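Sharing a structure, written as structure tokens. Questions coming.
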Amino acid sequence: MAYLHRLKVRYGETDQMGVVHHANYLAYLEEARTEFMAARGMPYGALERAGIGLPVRRVELRYRAPAFYEDQLDIHVSLGRVRAASILFDYSISRPADETLLLDGAIELACIDLESRAPRMLPGDLRARMEAAAKE
Amino acid sequence: MAYLHRLKVRYGETDQMGVVHHANYLAYLEEARTEFMAARGMPYGALERAGIGLPVRRVELRYRAPAFYEDQLDIHVSLGRVRAASILFDYSISRPADETLLLDGAIELACIDLESRAPRMLPGDLRARMEAAAKE
Amino acid sequence: MAYLHRLKVRYGETDQMGVVHHANYLAYLEEARTEFMAARGMPYGALERAGIGLPVRRVELRYRAPAFYEDQLDIHVSLGRVRAASILFDYSISRPADETLLLDGAIELACIDLESRAPRMLPGDLRARMEAAAKE
Amino acid sequence: MAYLHRLKVRYGETDQMGVVHHANYLAYLEEARTEFMAARGMPYGALERAGIGLPVRRVELRYRAPAFYEDQLDIHVSLGRVRAASILFDYSISRPADETLLLDGAIELACIDLESRAPRMLPGDLRARMEAAAKE
């Protein structure tokens, strides 16, 4: 089942087309993903303090309808696939006020050693928690 | 042949991982795409003043290697496909200093009427110029 | 008395110094200011729909201590001065976890007609509500 | 005499008021300031690699007129004051197309040790170069 994170569009996130600029959705998804990880007992900041990073390796987004200033957005995060050295998150964003789907997509994170920036295996603890979440 | 746009990474575009934050590449690609369109005689601002918008409908990006503060980046833009009501741009970003490929991907733009936000056909002039560019 | 708005630092708001990049505080203050106005019965979006804008005219900020990723921040907004065609907001940002003051400052908004972009008087309703808030 | 840096407004830097969002000027000023420092033989990246940071401590900006998408902006940077552990930069931004002043202001940078984040004296070399620049 998807984790739900709710947020509100900031003024500076709109552009002159009068809608949320497409780049800002990546910040929304990142906020939702880290809230999801924290809720699962794996706050992302703690991972980094342990020397492990999860940089974004792949992004696939489809923009279905625009979001507007002051909109409340529902961001649904779920786990698509957990591998030895990567995690795939699936997302959708909807606006509850009119039950409109605004965006769906997927983001893959790689696992790296922050010191060397080399790829590494997911820590066992993180992998176990993410696999458990993927099965729900 | 790809259009080349060169830019330099800003400090505020980095994040605490010490690299360019993944969301900022969308701004780089947008800058390169609009320079490409202007070089083809279709500045994007003029399109909007004529009541036509080209919002982003789909994004697919693969991040291959990180970019750093003060890096000069080469952004290569080419036309993937021109349809009646959409344009697909293909991109790659490389760092000439060490000839590293940093990112590749594609972004699809829809064509809309800015007043109604409804989809519409590409203006004939824009379509002809983009089709000519796609054939090079 | 100051209005309190609380938010959490996003990953992409940090820079390679490992702290929140200074430009992002303007987004925090804007979010807090618009929440304050909404709480006072004057949502900023409604003002714009009525053809009135409140662009930023002056910013004065002192950065006292850095904020970090995942920090919860308390943003205190109060009204400094309400004039015929401008409003001055006073701010401070603190981190409750260690009771540290991070920033204080002021931002002045001008009132304009959105169509002509010319300065205009504050609508009577907005002025009355803001003056009432300033007296608290 | 002021150092001149020229840049072009990106689409994503506008907001729904149809002008450059006020927070983005901080990115413009930062870009101009670091180009100025590099031109003076002190690239900011090299300072950080030597363990020294120059975080922003104070910002004072007056917004005089709006900037628009695709505008070319002239950013004028000069040194206001060089002290033992801080540097004050003065700025103005104008649009050469219609010779309009858009913004002026000042930004003070503190000097810190990046490891401890404690204040420290400016390195002698940096201070000498900045003082020389201030006298021009």
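Going by the order they are written in, the chains are A, B, C and D; count residues from 1 in each one.
Rule of thumb we're sticking to: a contact is a pair of C-beta atoms (placed from the backbone, for glycine too) under 8 Å apart; a residue touches a chain by one contact, two chains touch by 3 or more.
Values in this document were obtained by computation on a predicted structure and should not be read as measured data.
Homomeric contact chain A/chain D: same residue numbering on both sides for over half of the interface positions. Distance between Cα centroids is largest for the pairing of chain B with C.
Remark: chain C and chain D have CA centroids separated by 23 Å (rounded to whole angstrom).
We define each chain's centre as the mean of its Cα atoms; on that basis chain B and chain C are separated by 33 Å. We define each chain's centre as the mean of its Cα atoms; on that basis chain A and chain C are separated by 28 Å.
Counting partner chains per residue, chain D shows two or more touched chains at residues 11-12, 16-17, 19, 23, 26-27, 30, 48, 69. Within the complex formed with chain B, the residues of chain C that make contact are 11-12, 14-19, 21, 23, 69.
On the side of chain D, the complex with chain B involves touching residues 10-12, 26-27, 30-31, 34, 43-45, 48, 69-70.
Contacts from chain D toward chain C in the complex involve residues 16-17, 19, 22-24, 26-27, 30, 48, 53, 55-63, 66, 105, 114, 117.
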